[in-house]
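Okay, got some structures for you below.
You will see chain A twice below: alongside chain B first, and alongside chain C after that.
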Partner chain A sequence: MSVINHAAKVINFKVVYYGPGLAGKTANLQHVHRCLPDGNKGNMTSLATGDDRTLFFDFLPVSALTVRGFATKFQLYTVPGQIQYNMTRKLVLRGVDGIVFVADSQWDRLRENVESFRNLEENLREYKYDPGELPVVLQYNKRDMSKVAPLGYLDFLLNRSGKRVPSFEAVAISGTGVFETLNTIARMVLVSEFGQEQGGVS
Partner chain B sequence: MVIDEGDAERIDWVLSSFLGESGAAEVLLIDRSGQLLAKGGLSGSLDTVSISALAAGAFASTGAMAGLLGEPEFTVLFHQGVKESLHVSTVDDHTIFMAIFDEGTTVGMVRLFAREAGRLIAEILDETRRRPERTRHSIDPLTADEAIPAFMEQPT
Partner chain C sequence: MMHAIRKPAPWTIAAGAFALYLSAVTTPVDLALGAAIVPLPLSTALLMPALVYALLILMFFPRVAVARRLAGAGLLCTVHALLSLMTAGLYSAIGFFPFHEALAQAFVGFPPAPFLQILLAPLMVLPFRKHFVPRQPHLSERLSAPLWEGPWIPSGPPADPPSSEPVKDFVLDPVTEEVRVKGPEMEEANQAPSWAEVARLPEPSPRPAIPRDGAEAAVGASARMGQSGPGVSRREKRPSPPVAEKSSSPVERPASEDQEVPGFTRSLRASPEGTGRRPASDPVKKVIQIPFDWIAGQLPAEAFLIPTDRLAARLPQPNVLLIPQDLVVPQLPEGVVQIAWEVVAGQFPEGTLALPHEKIAEGIHGGMLRLPLDEVVRQLPTEIFTLPLRSAKVLGIEAFPLPFQPVLRDPSVSAAAPADSLKVPKGDSPRSGGLEHGGIQRLERPADASASKSVQAERRTPEAQEEEPLRACTPATENDSPVRPVELSRLTIETGRLSALLAPIGSPKVDVEVTAGAMLFIVSSPQLAKDALVSTAIRLVPVLADSGDLGAIDQVTLRASGGAIILTPFFPHGPGGTVLVAGLRRRGSLAMLEILCRRAAAEYRDRHSDLLAPIETPVRERYRAPELRDVAVPGQVDLLVGSMSAFGPLTPSALCDETGSTLLYLFSGPGVEANPLARLAWGLYHALTIDGPPDGLWPLRSIALRQGRQRIVIQPVAGEPGRSRLLVAAGAKAGHPGLAHLQVGRAAERLGSL
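Moving on to the complex of A and B:
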């Protein structure tokens, strides 16, 4: 849920990186944190297990451009990917304004991607969100691995609703595709909130 | 949710009164999705954005535990430190109220005045939520330039 504060001249949005375990959600936030200038980012917080698996969430606040005199701030969260942590995932989704679904492109992980995407849709419905209306970007990660599914097949599995959503190839660990994904979801969230003049870029 | 200047002023007044009466050092008003709505207190060094996200997560987590016990909710969360302690309480279904205090006051004082402050803030936020969202009507649709991607990667 966006929070617009006229006194502080700030608009806050919440973006959640969702996807199966070990797909690279935390790697996305780590790259953003590494590469944004200090003035545009806050501290990154990771609630992780001893072996660096996300236990609750990662959190990174970032700030972007000023729109009509309002500073726009995005709070980036990840969720734990493992199946057993669904209650935690649901808690993190509360008040979300946009979703980045990070899929693992490897053939042997396709089932986990589909299950995680279905789980996302179920959890959104529990919060009365319409998954077709919420801004969503797909990121096909780990494109540098040897046994990856072709993009068309990943689209067939994950990008098959009536309104197709933007998708990006990525190697999050080295940063490829990370900012394209973030910039696109940020733009979609802004346009979803305020609308866009006819004839602009879509 | 749209907080206008009048709402912010009234909320700031409640937070300032709470700080004066309870003796707490800092106070944060936090949306349950993790977003900071308002704050009061003297310290500028606290990472209020991160602490808001963590507090909302902790409160949501205890809420889920309450559900497992058959309770509708735990309305208060208290963390006691060596020097500083945290007291988090519910305001309404969307908002929580966090006080940070030291040995200059007691958890009883904080709890007493947090309850009253929470009630006043709940009334303000109820009015805020009932009002039509001003910004949606006063901000025209974005131009193509304004909807351009926002984050620039820096060389590592």
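Moving on to the complex of A and C:
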């Protein structure tokens, strides 16, 4: 969960971009890194294989607004989406404050989406997190592809646990929907930390 | 049912109960003869059994139809009357009473008799209850029943069906395309067709026909699989969705409900559905249409005797196969829909298949036919996908402004670039040879490595436009990716391998921690807290990444009073990402541990030579050294040069930060620049001190860095409160690292005493 440095007046939140392999998690972070002003971002760490598959994780620290005198910083992580790398995913999930589930909208990737989402729920349960209480945002990526599932069916597949969570269409490679997703998960994390009272945002 | 009634167990129980009754009803009469017994009123004797039986039926069979309840009560009353008659006969035979008087005694005159009959009648009927009341599955059975089960493929020889099988009435609603089976024959119709039935399927009519046989087979297979998910019942309740209207598959449908279809006229006429009316009790089976080509592509190529286009035309429903919806709907939440060969086997006309059905089923990849999900979803009503969930609105987020506002960039950055125009910057150093844009950097990949779209986009940076062209790169695809079948998680393999490599110090346990953008493989002795290692590592790793002009650092060894920590970046030219962190409480085997860690890192690099090196680890600004200025070298420092012979020839210098709070005495060998060395030393020292010392380790004794054959030792110098002094020695000759460390320690002591 969030790490508060009272001396430095900084709160660090951890947001993890989860999803199946090749869904566009790293593309999200790359776009965020590309488009944020220099003062609001750190350097992006990425460890990828020769074919650009994320090996361990991507990491991008970004700073946001100040709330009640505390500077809020978000550490954005991605996980390796490939099925066999579950230990890495579990490690990255530890201490998570919010999750963006990046789904591949293409028909032939729906099964991987469902399996990845179930894997997410399972890993969260192992950490005793309540998936219904943790801020989660769904991003239906690759909407620019030709054979994509309708939003209603994607919601039926992924947005069905307890209460409906916000979902966004996205084309991460061109940036569409990336900041909408990020801003929503960031604000949901802030609400869960500070409550619904804004209390001195600057 | 009759077979079940012929079972001996219920009869044995009933006979036993009857024998007990006879003895029970006879003994009291024998004892009571001559006594004055008050008979029951006739109305009581007649009404009481009926009321009791009715109550029993109501209590124990609450969900049975009224007609069945009445029949049950009637049965019990009948048994009661028979028992009374037999009791009277018994009394007469034994000689208690004449028959007419015994009859009165059995019914009303002797009260224990009717009471015993009321008790006995249910006892005798109870063993036969299964045969009169349809058995409801137990709750646990219903809960444990899977929504979807794999189909059953018959493996034995086909059984011949009865020769005089009646014609079943199936009706396809021309509007909703629902296949309905008439009620009285439902049970038989829902039996899956045997292979013999399948083989005797009639040839299709030359004109478009309602898929009687195909639908029959599909419906039968569906029923055999026991599909009864909630989606089915929900679907049956909805008002006749225009499934076919939403479909664009090339299927000709009857123009009206009254249209007669060759080969099916008799059934259609005989059924009331021919008029469009639907009896409420008729089961409804809906189907979806799947293009034959899709299925044919998954079947063994040698499965067909005739070309697939001709076979498609000869299907009961030309060009499509029919799949019962109740097989499909329960699978929809899985994101994939699969069926067994058995489901569609009955729709292939006789003489079109070259292989037996078992062979065809075996030849299907994975044993199941995958259906096109887009076709399936398109043919289903949207209300199936509507879940009764709470709103997606998140209360309170409007109270916070948007935390992140993107700045507009050159749209060409994210646009796809022609592969032949991609550029890379020139440069000699490993970092400058990579691709850099806005802080994202990747080291140059092998020439044969492929690139993803995202990296191509990164490469279209303005800085890169004027550089030499990069040869064409092919975007990586799922099939290209070298995903190897890994039984164990890669991390398990890595930690196991590291543990094995470190076996000379006792095969320590290796933990993995992801924090602050770094993945740390942690090897710790039991006496040293893992948190102290992690805390130290995440402070030092960013500074190492910022070593700048000094070059990559291979290894850092931190000695403190609480123990020693060795940091070995797996990729020295980009120290972020993965780092091996080893801790020792005692320093006895420190040198060996250093060697083993370097070996482990080298082995890791060799195995992962296809990796792109890590980009950068975030550098904390406050650990970054300020500008340092030269100050005069005290005379005592000059004298210490000769005492550090293990480093080879050294040149003394002194630098101080702007505030004067940190003074560095430098002894640098040939080719070592003083300023970068001082900045690195300043950064490492302040990373360890600025947020307070790591728990359990302080006070710091020294920091030793290995850079190829060069050795750098940083030693705090005691003696001046409020001001930090560091002695830093760096020499290219490091043949005796132990001696070098000892000499620096002595020199620092002498400086501190001055």
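By our rule, the second predicted complex is superposed on the first by the 196 of 202 C-alpha atoms of A that agree within 3 Å, B and C clash if a C-alpha of one lies under 4 Å from a C-alpha of the other, contacts with A are read in each partner's own complex, and residues count from 1 in each chain.
Keep this in mind: contacts are C-beta pairs under 8 Å (C-beta built on N, C-alpha and C of every residue); 3 or more make two chains touch, one makes a residue touch a chain.
The structure displayed is predicted, hence computed values, not measured ones.
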Fit or clash between chain C and chain B when superposed on chain A: clash
Touching partner for A:6 - first (chain B), second (chain C), both, neither: first
Partner chain(s) touched by A:68 [first = chain B, second = chain C, both, neither]: first
First, second, both or neither for A:87, with chain B first and chain C second: both
Partner chain(s) touched by A:37 [first = chain B, second = chain C, both, neither]: both
Partner chain in contact with A:96 - chain B first, chain C second, else both or neither: first
Chain B versus chain C, judged by how many residues of chain A each one touches: C
A:184 touches, of chain B and chain C: first, second, both or neither? both
Touched partner set for A:22, first chain B, second chain C, both or neither: second
Clashing chain C stretch [against chain B; choices 418-426, 454-462, 472-480 or 508-516]: 508-516
Doubly contacted residues of chain A, that is, touched by chain B and again by chain C: 32, 34-37, 40, 42-43, 45, 47, 56-57, 59, 61-62, 64-65, 67, 72, 75, 77, 87-88, 91-92, 94, 175, 179, 182-184, 186-187, 190-191, 195-197, 201
Chain C residues within the chain A interface of the complex: 332-336, 372-374, 377, 382, 384-387, 389-392, 394-397, 399-407, 409, 413-415, 437-440, 442, 445-446, 449-455, 457-458, 476, 478, 480-483, 486, 489-492, 512-514, 516-519, 576-578, 610-612, 614-619
Chain A - residues contacting chain C, complex: 21-22, 26-27, 30-38, 40-53, 55-57, 59, 61-62, 64-65, 67, 72, 74-75, 77, 82, 84-88, 91-92, 94, 107, 110-114, 135, 147, 149-150, 152-153, 155-157, 159-160, 162-167, 173-175, 179, 182-184, 186-188, 190-191, 195-198, 201
Residue numbers on chain B that touch chain A, as the complex places them: 1-5, 7-9, 31-37, 47, 49-50, 53-54, 57, 60-61, 64, 133-136, 139-144, 146-156
Chain A - residues contacting chain B, complex: 1-8, 12, 14, 32, 34-37, 40, 42-43, 45, 47, 56-57, 59, 61-62, 64-65, 67-68, 72, 75, 77, 87-88, 91-92, 94-96, 175, 178-179, 182-184, 186-187, 190-191, 194-197, 199-201
